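Each in structure tokens, the structures are laid out below.
Heads up, the next two complexes both have chain A, just with different partners, chain B and then chain C.
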Partner chain A sequence: MAEIKLDLAHAYKPNPQRDEDYALLPLEMTFRDGGAYALLGPSGCGKTTMLNIISGLLQPSQGTVCFDGQDVTARSPQQRNIAQVFQFPVIYDTMTVAQNLGFPLKNRKVPKEQIAKRVGEIAEMLEMSHQLDMRAAGLSADQKQKISLGRGLVRPDVSAVLFDEPLTVIDPHLKWQLRRKLKQIHHELKLTLIYVTHDQVEALTFADEVVVMTRGRAVQVGTAEDLFERPAHTFVGHFIGSPGMSFLPIQASASGMKIADQVVTVPQQVSVPAQATTLGIRPEYLRIFPNDQAGCLAATVQLIQDVGTYILVTCAVDQTPVRVRLSPQSWRPDMGENVYLQVLDAHTCFYCEEELVV
Partner chain B sequence: MELTLENVSKAVYGQPYLYPFDLTLEPQQVTVLLGATQAGKTTMMRIMAGLDKPSAGRVWVDGVDVTGRPVRQRNIAMVYQQFINYPSMTVFDNIASPLKLARKGNVKEQVQALAEKLHIEAFLERLPSELSGGQQQRVALARALAKNAPLMLLDEPLVNLDYKLREDLRAELSLLFATGNSTVVYATTEPSEALLLGGHTAVLDKGELLQYGPTADVFHRPASLKVAKAFSDPPINLVQAQRTPTGVRLANSQEVSITLPAQSDQALTLGIRANALRLVGRAADIAIDGQVELAEISGSDTFVHVDTVLGPMIAQLTGVHDFELGANVQLHLDPSHAYVFEASGALLVAPELLREVA
Partner chain C sequence: MNNTDKPSNQKAWLLVLPVLICVAFSAILPLMTVVNYSVQDIFSPTRRIFVGTEWFTMVMRDSELHAALARQVTFSLSVLAVQIPLGVALALCMPASGWKASATLVLVALSLLIPWNVVGTIWQIFGRTDIGLLGHTLQQLGFDYSYTGNPTHAWVTVLIMDVWHWTPLVALLAYAGLRSIPDAYYQAARIDGASKWAVFRYIQLPKMRGVLMIAVLLRFMDSFMIYTEPFVLTGGGPGTSTTFLSQYLTQKAVGQFDLGPAAAFSIIYFLIILLFCFVLYNWMQNVGKSQQQG
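What follows is the complex of A and B.
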């Protein structure tokens, strides 16, 4: 296992000039030894590029990759001692489950007894002990993917295990059980795990820390709670949570604080940073009133959706849609009604040039 | 347009695909076909479109029997899971094609307006293959909308898109459907998608039409255990119970007081939606002890899988909550928030508080 340090950038084209030319913009990042990380973002954000650079399948066009302080930039995945699990099962159909699981160890000439012991442990964790002597060919897609996962985890001496959307083929109803397995295994084996996904639930559930990426940039590294409570970038506010944060322009003016086109009294317990140009607030934290209160904005109700477990109210504040999540029991407005939104409180985040102002 | 399916059924080589059912769509509104894969959603849609003939029964459009009339003689727009566009035509020409065929109005203006609605106005001169998946599906949607057909059928149109894109497009579609005058049929496997689209929902299960009604009503008052299961995500928690003079007795001998109708079966099932379970108890609650199997975090919600004395359960909590695997928890339930089903699966009691419909 290793601590992995990146200080690099990558462009697939020569001579990158503008930001758009980079698949991965210049970044510095450290993955703790034994940590569980997720790289999360929409397609094209650079997460797979980063994973391939860590594994050694791809050489960064500039900068270095260090494992435990050693420069491994020029080394292959084998030399870096990386295990990988891909989107689709990669297994040998003619071998048994046990032979498949033990293959990476056999290749490295590990003594037979040790292989049997380790394969037994991994099979136990994945609840495959009863299937060890079965041919892999006859198994379902998710059983096969479990073997792939097991094979990725079987070597105790790897620097890191990398996963590229490994649960894609798994039936949605079974996904949570495998997520649980992975989490348990991480606790038991303490391997450095890096996991690429575009699925928020997958990333937030699996990882100790999530790297949120967009357009070649890692915009925040943090726990699920950090990403939800204090998104460091407006993209994180939008991407995490469903629906995500609502944003409104904010500006200090001679007549007071101006949000959208309205002048608002700032409540005492809230301080608005001087350089803030945008405020962000989550639907879960936004409060709605039938009449005006300090720190409230006037809005019109555009849409009320009974989403079953909660009520989602979409309001328009001078054309900008702002969403509020209400419990089914609470007061709710009518369509077209004029309401007041408490947009300034302890949960409000302030942004300048898309970055959080602290 | 009014579409009625009367005593329609479909079998293929003696294999029943749809059991006999009656269904009249609400004109100018959205009807969601909700069910797991193989439930019969696509089969039903193909009969509505005239792509397939029903094995028995009649299809009526505005009082005219159109059973067996092929799709070409009907005015229908359809959008599929896969992004289907004319590959050699530009985005502009793709959207314009139904308008040119109809020879109605100013094509350029209409294409421009539709492209703006779907946020693809910047790509009008490109070919579909030069767009991302989400953008390609927007083109297919724009073309379907351009046709302005009285009946628009969408078969899981968002299923192949990234999570966040799905969320954005879904919100836009609900607004487009609400302002348009087409009768819309939308197939999905996801309960949350049905709820966000609103309108009416028909719940299908293994070829059977189980229930049809306003979406929120069907969600809050599922007629049977089967509907409750099909229309709950996360899955509804089910607990076996025996009737007692004051309510029910659970498998762990716990007595729960619930008001039940005078007549019912002795063996009952409690249905507890995940959001009815809380960590903090209130008066009149019952407590359920267990250990955390996994906390799945979506951002806005945390889904806690708990191994309880009553079997596995899932609790939905708002916001981000961190749990150690195996941690002890106590879940709390207000018994009046539980559904009660008869031994046959028929609904006996639906919770009062969650029943209000916007």
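What follows is the complex of A and C.
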């Protein structure tokens, strides 16, 4: 187990000049010993690159990787004693389940009795004890992926276990089960776990802290609550939540606040930072009224979607779409109706050049 | 089976007919001709005597044939023992991508493009002690090398010629097998701390099993039927030391015009190859399974 510290950048081509040349822009990050982290972001945002750099499959083009203060940049995955589970199950076809699980230990010349004992423990944890003598090749995809997970967890002294979208191939109902299993294993073994995914639910339920990434940049590191309440970057606001935050351009004016093309008076409990150019508000916090209220914006209802547990109303404020989430019991507007939106309250976030202004 | 629901249409057989006719003309009729010869003594189209299994009995007791069969089996097994490991080793050394990979592939495949007759001629000249590079060099180095005089030398030369000619086929097949292994397997092996040998033993070899089986079958059948190259190189000599089955058969049929025994032997030859392939195929399938279980 180890604390992992990154201070690096990576580009797949030589001499990166512009930001677009980097797969991973210069970043500094620390993963606590024993923490459960998720790297969350859309495809191609650099999360797998970061994972491969941590595991040592990839050398960063600049900077260092430190485990417990020791520079391990030049070391191999084996020397770093790291475990990694891949998107698609990797099993050794010719071996039994037990041999598969024990393979990392066997390669490290651990005595036979110790391997058997440890494999037994892991198999029990994964509920595979009854399958130990079966050949691994004949198992189903989720069983195979469980073996891959088990191979990751089998070394008791492992520095960290990295997961690269490990549940992609698993059926949805088993996904929940395996994720819970992972959470439980994390609780029992206190390993440092880093989990890459593009699924926010997976990230938020698995990890203590989530690293949100986009275009080679880690834009925010925080708990599920941080990401929801105070997105540090418009991307986080947009990416986290279903649907994500709505954004409106703002401008200070003599008679109050100019939001989109409308001038409103700012309520007293809200303070708008001077340099802010955009405001963001989550659909959950927007309030909607049939008639004008102080500090409200006029809008037209464009779309009403009944999702069952809630109703999603998409309004247009001077062509900018703004989404509101209503409970099924509350008043609901009709299509094309003129409504008023209260966008300024304690939950409103303000941004300047995509960054949160505090 | 529920026949009442299913429409029965015997005309469907007509659709199979073209294939049946093709196969009949290409395989079954020629084979039946051989069968025809093997059970009769034919003097002329009008004079023929049915002899039953007489030719078969005669051929089975032929000690020359036994010797040729023994030589043939030894040769084919030697071919497999050398070419399969060598081909796999070659494939492991070949670059994975880029222009180097393309260049290597072309280079490796070159010997496969040479007509068999020419292969024999190349080695015949190559091994000559007066003008051949190999023969002359060996002579100069003090070896009393002569593929025309020494049975062992002839045997080894034929074997090396076959290795030179056909190992690339094994290498190409193994290479194709290697390239189809996803990167994740190698990455996982690095994470698991597997040695190079372990990667070969537990990832590459199992993943190559399918193509290697094809390679073994192809090489076995081909070498078991080898004719042209040793015929050109040594002519089956010295003595009968490199006379393999098909050459022996040709001598019988064309040289001595013993069509009856030759036909009987052809059938036996055909059945031997069929049997060997059947056994090999099943054996390799079982090896895979037992490996996975144990």
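A few notes on this one:
Heads up, the rule we're going with is that the second predicted complex is superposed on the first by the 358 of 358 C-alpha atoms of A that agree within 3 Å, B and C clash if a C-alpha of one lies under 4 Å from a C-alpha of the other, contacts with A are read in each partner's own complex, and residues count from 1 in each chain.
Here, contacts are C-beta pairs under 8 Å (C-beta built on N, C-alpha and C of every residue); 3 or more make two chains touch, one makes a residue touch a chain.
Please read these numbers as outputs of a predicted model, since none were measured by experiment.
In the model built by aligning both structures on chain A, chain B fits alongside chain C without clashing. Of the two partner chains placed by superposition, only chain B is touched by A:204; chain C is not. Of the two partner chains placed around the shared chain by superposition, neither chain B nor chain C is touched by A:265. In the superposition on chain A, A:284 contacts chain B only, with no contact to chain C. Look at A:137: by the touch rule set out above, it reaches chain C but stays clear of chain B. Touch counts on chain A: comparing chain C and chain B, the chain ahead is B.
When the two structures are aligned on the shared chain, A:90 is found in touch with chain C, with no touch to chain B.
In the superposed model, A:330 lies in contact with neither chain B nor chain C.
By the touch criterion defined above, A:184 lies against chain B but remains apart from chain C after alignment on the C-alpha atoms of chain A.
By the touch criterion defined above, A:76 reaches chain C but does not reach chain B. Annotation: apex chain A, arms to chain B and chain C, angle 80° (C-alpha centres, rounded to a multiple of 10). Of all C-alpha pairs linking chain B and chain C after the chain A fit, the shortest spans 9 Å.
Shared contact residues of chain A, touching chain B in one structure and chain C in the other, are absent.
If you check the complex, the residues on chain B that touch chain A are 132-133, 162-165, 167, 171, 174-175, 178, 191-192, 195-196, 198, 215-216, 219-220, 235, 273-275, 293-300, 303, 305, 316, 318-320, 322, 325, 353-354, 356-358.
Residue ranges on chain C touching chain A, taken from their complex, read 182, 184-185, 187-188, 190-195, 198, 202-203, 206-207, 291-294. Residue ranges on chain A touching chain B, taken from their complex, read 42-44, 173, 176, 179-180, 183-184, 187, 198-201, 204-205, 223-225, 227-229, 238-244, 282-284, 303-312, 325, 328-329, 332. Those residues of chain A whose C-beta lies close enough to touch chain C in the complex are 55, 57, 76-78, 82-84, 86-88, 90, 92-96, 103-104, 107-108, 135, 137-138, 148, 151-152.
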